[in-house]
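You will see subunit A twice below: alongside subunit B first, and alongside subunit C after that.
Presenting the complex of A and B:
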């Protein structure tokens, strides 16, 4: 792109809608009428809980990172409360914050910590995900379910997939049945099928958004903007119809901006990627880098595109085609629905955290897809799943001609070790060493 | 028998074994690796052990991580394991995985395999997944070695491994005595040696050793301690405890009692039998996530071995034990079992650790009636 070129830029219209939806979510998790569980989506759909009349699932990641964002002294106090009870300092800050809050019994505004009634740890390759939830159950007796993130190396193997798929379906099926039995609530299969269709539609929108961000110069959206709405409907669960409407709205606006060359960063001249969540408590560095005309396009974590797109040997970009069930597959029984919802692949097709295992150099493809010039890779002392193989990925990216730097911190939801001043100094050096200069008004 | 020397000479031993048999050596990392299958293929499975070598290479490849993981990377990059022909990692600790994949990426000639062993060990479907994955691994090993693994090979291997575990347990039982005939450091060396040597040969050594052990005279009363926490690869701590009048009478470490605690119950489907043994072994933190069994198991060991107190020793950056400690502390507190917690890093700081142990043991002493000679009252 031409150096010094300027594009028009505008505020985002979906911003206020996002704010409103997030406020609604906060209210919903405080609701006393619902059975509140802690955990995550299992494979069914982001909104499976809505197929029960009154179940809410709170996920630690956004809760833990919000605690750190909103109230540093409180988050510190919460982590200390975990540590004095035996939790290690090196465990993921999301959990340190959440479990500390449970020990303290209140959240940062002084109101009571919403008691959990069940736990479903997210099946994920990150050990901390697998171990999460135990504390809630150790703290107070409550049902906990488990599932696995299934991994094997090499090509897709139908024979290996079979027992793995059965395992996945069994685990999901059991969760639903047990929840009915324990909480006396009827699971509505039809509603679940509808929710799954909604999730599918949302996935298509986010795929389109990723494509537009990646392939349009100037990019119509930065990851900083995307992160402001990223969890809506997913980790921060809201009404399923509202979720679909919201993401359609985001897609439409991003598409319009791309068509009309409305830039996220008006002086875009350096595009970079990341490899995992940023320091949620210090996202100022995104805006800081924009002064240099540097735009962050996100990571395999922020784009399902890490697995959705591929760069073909001839250099063209194409949709990665993974095995799915046919669209018109009959779903009459609960098992059918759960089977389809669990996906046609036992082993995830790729994407963040799976690539660290099987497709370590796919990050290079991701960088090519994003048309990136550089990479800013955080390394976390207390984040095993988000640091694993990061140094190797840096080597692959360097070999592919990208300009790469690391910065260190505790974990995306724990600011203890992040030296903010030092980070900005590092970023200045990174930019200046490439001949980029801050834009002065 | 000098078991410590066996462990110290492990590289020479494996090289000599290779020269003698012409077989392949397979390094393994995770406590859940079913050695039985490799052994049935005529392979020598050896556990990769961390040591305290100066490290100037691992930083380029990894970040954070516990010291053992760093050290294993360090050793591989420096060629200390150049006699190893293959490396296998089992789904488990992610830092350990990191160590494995760096070693593999830097040694393209190494045969390598990642075995998926469900973290959710309790579902009825977990065992079918594992059986299927074991079958895949068996096939790959057959391809690698050019040897078909028959049922008879598996039976023989299972028998040898079961025998090894029984012998280790038999020795361990002698630690339940008021004045154990074997102390913690020696016991740990025996268990480590079992993870490094040809099992059939090790069994012969143990069979000769047991009568020698039984003929030993009991020593003085000692403070009976239990060791809990991240796995270790040497016995510095155990030796220090012994030098101060204590004894680690039991441990709950992956490479300690958990290595030999349960046996394979034979069945027609050999791979299923092997799989069930690994799914059912005492849980380490990553596998103890559906039902909570680990704290209860720790408590049972503490009762059975009549411990006066426990040492919980975690490697710095060991996120798994960092996530489990809460429940371990809780059960020990509930049962009034005194414990002392500390972290270890690249080396064990001698003075610092000695001081901590001394204070802990001094705190325990006044309440210990057995130190006043109970065994004499029973005419032992």
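Presenting the complex of A and C:
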């Protein structure tokens, strides 16, 4: 792009709608009439909990993140409460905050910690997610379920996939049946089938939005904008129909902006990527860098954990086409529904933990997909989005021609090690070393 | 053309007045804490006096360093790596790597033509090496120059990962009666190891012509140890302490 070029920019129309939906969610979780569960969703590709009309799931990642963002002294106190119970300082900050709140017995506004009735941690092969459920389960004496996360290294293997897929279906089937039995709630299969159709539609919109962000110069949407609505329908659970309508609205607007060269950052001159969830408690750096004409397009994390795009055998990059069940597959039984909802692949889409070089290869592909000039890679001290392979990724990104910097912090749910002044100094240096200057000075 | 550059570091402020590309006046003094803006003004006035010019004669003033925003009268403010690179290019056009080792920070930049291809700042744990050596010199009742002259084979070592631990080691050795000069050697060596880690953090290194500048350069033992550890022969500009300010003044002239 030509240096110093300016594009038209304008506020996002979906912004206010997103605010309204978030407020609705907040109200719904304050309702005392529901069976409230904690944890991340299990291994179904749709928001299954809505098929239990009286069940609400509160995800601990955003709750822990919000604690840090809204009330720093409280978050510190909560993490200390976790530490004195024996949990290490280097555990995930989201969990340190959430467990600490459980131990303290109150949340950041001083009201009582709302008891959960069950916990379902996110399935994951090799990290601490299982522990998250165990702690909550033992402390509140409630049931815990956890689907197994299935992986194998290498190319897709049909023979291996078959039994693994059966096991995945079994895990999901068991969770739903157990919940019915224990809580006396009826799982609504009809509603569930509807949810799956809606989720599929939302996924397609999400992929299209990623594609438009990546392939359009100037980008019609920055990741800062995307993160403001990112959780709607997922972590921020709202009415399924409203979810579909909302994401259609977002897609339409992003598409219109791309067609009409309406930029997210009017002076876009430098496109950069990340490799992790950002410091949720310090997202100011996105806007700070926009003063230099630098736009952040996010990380694999922000684009369906890398599942929104794919590099094809001929080297071209495009929207991912997953192996799926036929659209007309019959769904007459609960098992059929769960089978379709579990997806046609045992392994997670996007190749998460499927080959030993996944981190370095995927981030280079991602950078190419996003047409990025640079990368800002955090070195977290510990916890979520930890620094595994971060330096190695930088090496490969540099070989691919990107300008890379690292910055030190704690992690997205714990700002202990983030030195704001130092980070901003580094960002100034990063930009100025490439000849970019702030436009608003 | 007369321009000025002011480099407001964490410990010292350096001001330079350039007249047609030549240093006409320079001054250096403590940056100070809350009094930093007043100190900056006084140091700048001193440089102007040495150059024999008035503030009104100076066409442009560029500021750099951690305290650059305390120079209220600056026409522009630039980051350290940019001014350091400019300063290095002035004296050593073939420069491939620039190192600015100051009181608080060590920054390494790889220069490729007009571009700074890659730069690395020290990690937080390696911050303040210059300040640390200065404070240890004071504690051992030495001048910075005396500490910087302590070179040679080591009989003791101190922690090279963290200056807090290094200080504990040093005090512990002193309490056990170890010769302070021997401890001083170990301190210089430990800081050189820590600084070398920042150099090694550069991915695409080019050590063909490495220019080093900043206050730490005054410590000869540190510099010698760093050359040995990093495997580089450094080029030290004529005015290593003023280099940032010279770079800023030069960029002001070019703007």
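Operating definition for what follows: the second predicted complex is superposed on the first by the 415 of 441 C-alpha atoms of A that agree within 3 Å, B and C clash if a C-alpha of one lies under 4 Å from a C-alpha of the other, contacts with A are read in each partner's own complex, and residues count from 1 in each chain.
Going forward, contacts are C-beta pairs under 8 Å (C-beta built on N, C-alpha and C of every residue); 3 or more make two chains touch, one makes a residue touch a chain.
As the structure is a prediction and not an experimental result, all values here were calculated from the model.
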Q.
Can you tell me whether subunit B or subunit C touches more residues on subunit A?
A. B
(Q) Going by the contact rule set out at the top, does A:425 touch subunit B (first), subunit C (second), both, or neither? (A) second
Q. Is A:131 touching the first partner subunit B, the second partner subunit C, both, or neither of them?
A. first
Q) So, A:49: does it touch subunit B (first), subunit C (second), both, or neither? A) neither
Q: Applying the touch criterion given at the start, work out whether A:152 contacts subunit B, subunit C, both or neither, answering first, second, both or neither.
A: first
(Q) So in the superposed three-chain picture, is A:65 touching just subunit B, just subunit C, both, or none of them (first/second/both/neither)? (A) neither
Q. Touching A:172, do we find subunit B (first), subunit C (second), both, or neither?
A. neither
(Q) Looking at A:433, would you say it contacts subunit B, subunit C, both, or neither? Reply first, second, both or neither. (A) second
**Q.** subunit A residues contacted in one complex by subunit B, in the other by subunit C
**A.** 408
Q) Which of the residues in subunit A come into contact with subunit B in the complex? A) 82, 85-92, 95, 121, 125-128, 130-131, 133-135, 137-138, 144-153, 157, 159-160, 162-164, 166-167, 170-171, 174, 357, 360, 379-385, 387-392, 406, 408
Q | For the subunit C and subunit A complex, residues of the former touching the latter | A | 66, 78-82, 107, 109, 115-119, 121, 123-124, 203-204
Q. Touching subunit A in the complex: which residues of subunit B?
A. 60-64, 91, 93-95, 97-98, 101-102, 105, 113-114, 116, 118-120, 122-126, 128-129, 131-133, 136, 285-286, 289-290, 292, 314, 316-330, 341
(Q) Please output the residues of subunit A touching subunit C within their complex, sorted ascending. (A) 394-395, 398, 403-405, 408, 417, 419, 422, 425-426, 428-430, 432-435
